[in-house]
Amino acid sequence: MIWQFDLIILVFLVITAIISLQVKDLLAASMIYGVYSFLMCLLWAGMAAVDVAFTEAAVGAGVSSVFLIATVFRTSRRSSD
Amino acid sequence: MEFFEVISAKFNYWIYVIIMMIGLYAMIAKNNMVKKLIGMSIFQTAIILFYVSIGVKDGATIPILYHDQVHAGHHHDDHGETAHHESTDDHHASTSGDHETDKYGYPTRHAPDVVIDGNDFANPLVHVLMLTAIVVGVATLGVGLAITQKLHREFGTIEENEIHDLIKSGK
Amino acid sequence: MIEQAPALILLFPFFASIIVALAGIRVPGVSFPLTVISMFASVLSSVAVLVRVMNDGVIRYKLGGWEPPMGIEFRIDALGALVATAVSAVGLLAAIYSKRQVPAETGDRVSQYYTLYLLLMTGLLGMVITGDAFNLFVLIEVSALTSYALIAMGPRRASLAAYKYVIMGTIGASFYLLGVGYLYIKTGSLNMVDIHEQLIARGIFDSTAILVAFILITVGVWIKMAFFPLHAWLPNSYAYAPTTSSAVLGPLVTKVMIYVMIRLTFTVFGADYTFGQLEWSEVVVWMSVAAILVGSISALAQTDLRKMLAYLIIAEVGYMVGGVWLADDIGLIGSIYHIIADAFMTLCVFLFAGIIFAKTGKRDLNALDGLFTKMPLTMVGFLVGAFSLIGIPPTAGFFSKWYLIQGGIASGNWEYVIALLVSSLINAVLFFRIIEIAYFGAKPAEGHGDHHHAESHDSKISEAPLSMLFPLLATAALLLAIGLYNKDIVAIIAEFVSLSNLGAILP
Amino acid sequence: MKSLALISVVITGWLLLSAVGDFPDWGDPDSPANSYRLSQHFVTETFHETAVPNMVTAVLADYRGYDTMFETVVIFTAGIAIISILRVFRTEDPGAGGPKVYEKRPDLIVDTTCRLMIPIIQLFALYVIAHGHHSPGGGFQGGVIFGASFILIALSRDMQAAHKWVPERRVLNLAGIGILIYAGFGLASMFLGYNFLDYAILHKIIPATPIEARYHSMLGVEIGVAFTVTAIMYSIYSNLASKGTMKEGL
């Protein structure tokens, strides 16, 4: 794979990870976690791990985000930290 | 460019540590239970990134055989001879050991003429392991969220310190 | 069928769990008998395997017929077979006890409870017999997920404890997974024996990555077993879970993790590396001394019976970790012997706590007021367990402590010996306090317990029903038997210890 | 707590980084992990031994089939665990539903789009399951996509509509049957005299050579995984989205 792309995605990964943990709105945090998972999936696809990328796209970016959003809707959207 | 090559030799491993520490910090330090679980997912994905990085090989492709390799294998029964010749042209080594059968007459190797170079394909083992790890991750996330909702049902909040206060005040 | 016995150890509870999940939801009544039958079959399979291991040596069972390291294998040596027998026996006894309590404590979740229970047993038994480092991770997660749920089924505070357990347990398991990754990147293998051979063949024992892998794996396993600085999740989890859950989690989860630590230390890294090359034994023994003292002293401060027992588990974990890191043959024998003994004595006292809770509805020690006359058989069973925890002969606890102390003396770790004796003394104080309350009655005190439970039950308290009494008394009998047949059990353990190459590296 | 977290993070991070220098270069084909016979065997021999071109599927379902069985069990456990933790069987607690999200109005555009999309999603899921031997995918991925299609029904209309398709009891049946299919392949090979999960012996009951028996059994096993994953993914969603009441979704 092309290491420049790799590096760019990795930097974005760090940024999204920090944002999703810092933002006070849990719904936004869940969405950005979905973005994080999707970037991760791109990275793995680039590393020739297609099956893992496929799974992460379905599970991480898809179902996990839905689970998180369902919980946020059912509990509370604000977070103190 | 040499400087970049030195960096590119290892930077995946460095950044996986950074992502993982972000997740770990959130798991320990955050108060909000959903935030903790997001941190947990980030922590686990970082480990998966580490494993996937182990399996990368320069110049290798995805661990699925090329179409013509499979093709040669599947039509082996009909066109065994041609497949045989094609492969011996490319790889002169694989002549012996064809069509071995066990004592019941079943072939011991499928499509023995197809020659696969070990360095053409990425390491499939780590991918298998990480499929399992992703599944474990989503299962843990689901259970964690269910417990969070149960706590919200019982205490009306998802902040850990508030729950501690409620328990201390005897509610 | 005897060739298949290794797989059957875990396939019985595994299949039973699925059948309970499918059938139990329609007919809740089938859950309990199926659980007991499958656990009994599992005990029989483990005994068969133990006998075979003692006759023929290590059993290797290739799953899927693939030659290791390509496929996954079960690798059962004397230690594995012994621990598997103990685990399945504890599982059987705790299952029998749960007959009445599960409907009482979990309401209409009977079939889910037994499904999770059997899956927990599957996970624990699988951890004991597997020979593959990654497979161990998967099974750790199976047993962890079931434990979270079994704890969270309890009342209010149990959920919070379960949440903390989820976070800590995931950190532990992830550290373990990461450690396996570090081993894999350096050796390219996942089979435990093969990793060890590769470590030797490649000569990479002094590599930093292997050192970090060792630290990660050890710390990960320590988190899962609640070793001293990492124990915060345990007391509340076991104290507030349903009594049936803590009766199986308390004895088994920490013990199996200690078994895993021994397995990884000796099979994957090897005694030479752990105790010869790394000179950390002193530090870990001091940590275990701290664990023993903190556990015992915290137990002294508790008024809640099950919380007190949970702190005792932390002290017991200190015994066993310390016993392994004494780096001494006899200490290791004592440690392994203590895994077996402690599984049963913890079961014994947790069953007792469960019976008291079921009968009086109270959690604190004052619930025991004058129970000697009301339920004498229960108290007899409890006394055996308590004596074993204190270490009074001829119970199992005495002999395990005897070996541990001998190991401590032989390796010159006097601080460990002293901690062990102090802890035994504290246990004596603890349990004689309970015996005093139960025999002479409690001082009139304002009950801090759950008021809504504490209606005038006292007059109606009588002997526990047979489904609770039988496992308690059977456990007590087993404790005496393990103590009396200590020579035979030590002979089995010595079979493993002699292969561990521990004697050779000592100065 | 924050300082404790910082200390532990710094120590762990330093520990992990200190080992990075000891790793082989990223992408090095000669690193121990990539050149050891384990990985090499999986690359070069999988096709000859199992006739499956996708090595990941073959290793997942056959060489490490025992792991994968427990991976399915993990999912199953999670489903049962969430039911046992969260599900409210009796409606004695009216506040159990949590804050009311919003009144559900049938939306023409959303409803029509989902009507069109859902069959396509399900068809794609079946393709992913069935074609896992030749392309990326397999039981797990296909199962998640299939489960997602039910989640989409529940999201676009309401949970009762989805319950008409997959009532709770049917979900649990599907999940259990999925694992039974998987373990049944293992048990069948055990009864025929081989070890657990050794599919090769199944050529005695399906008309195929031992290698083809492995190939076909892997498909069966993947279908079992897909059953369980589909069912449990929907079950987890429906529990989390209704806070255990199974009354109304998001």
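Brief remarks follow.
For reference, chains read A, B, C and D in written order, and residue numbers begin at 1 within each chain.
Basically, contacts are C-beta pairs under 8 Å (C-beta built on N, C-alpha and C of every residue); 3 or more make two chains touch, one makes a residue touch a chain.
Just so it is clear, the structure is predicted and the values come from calculations on it, not from any experiment.
Across the two interfaces under comparison, B-D and A-D, the one joined by more C-beta contacts turns out to be B-D. Averaged C-alpha coordinates give centres for chain A and chain C that are 37 Å from one another. If each chain is reduced to the centroid of its CA atoms, chain B and chain D end up 14 Å from each other.
Centroids of chain A and chain D (each the mean of its C-alpha atoms) stand 19 Å apart. For the pair chain B and chain C, the distance between C-alpha centroids works out to 32 Å.
Multi-chain contact residues, meaning those touching two or more other chains, occur in chain D at positions 16, 21, 23, 31, 33-34, 38-39, 42, 54, 56, 64, 67, 71, 74, 77-78, 81-82, 85, 98, 136, 140, 236, 240, 243.
Multi-chain contact residues, meaning those touching two or more other chains, occur in chain C at positions 134, 138, 141, 145, 148-149, 152, 159, 162, 178, 184-185, 190. Shown for chain A are the residues in touch with two or more other chains, namely 50-51, 55, 59, 63, 67, 70-71, 74-76.
In terms of which chains touch, the assembly is arranged in some other way, matching none of the line, ring, star or all-to-all patterns. Per the contact rule defined earlier, chains pair up in contact as A-B, A-D, B-C, B-D, C-D.
The touching residues of chain B, counted against chain C in their complex, run 24, 27-28, 33, 36, 40, 43-44, 47, 50-51, 54, 125-126, 129, 132-133, 136, 139-140, 143-144, 146-148, 150-151, 154-155, 160, 163, 167. Here chain B touches chain D in the complex through residues 8-14, 17-18, 20-21, 24-25, 28-29, 53-60, 62-65, 69-70, 73, 102, 106-107, 109-112, 114, 116-121, 123-129, 131-132, 135-136, 138-140, 142-143, 145-147, 149-150, 152-153, going by the rule given at the top.
Partner chain B is touched in their complex by these residues of chain D: 1-2, 4-6, 8-9, 12-13, 16-17, 20-21, 23, 25-29, 31, 33-34, 38-40, 42-44, 46-51, 53-56, 59-60, 64, 67-68, 71, 74-75, 77-78, 81-82, 85-86, 93, 95-96, 98, 134-136, 140, 203, 209-211, 236, 239-240, 243-244.
Residues of chain B touching chain A in their complex: 4, 8, 11-12, 15, 18-19, 22-23, 26, 30-32, 34-35, 37-39, 41-42, 45, 48-49, 52-53, 55-57, 60-64, 122, 126-127, 130-131, 134-135, 137-138, 141-142, 145, 148-149, 152, 157-159. Interface residues of chain A facing chain B in the complex, by the touch rule stated above, are 1, 3, 6-7, 10-11, 13-14, 17-18, 20-21, 26, 29-30, 33, 36-37, 40, 43-44, 47-52, 55-56, 59-60, 63-64, 67-68, 70-72, 74-76, 79-81.
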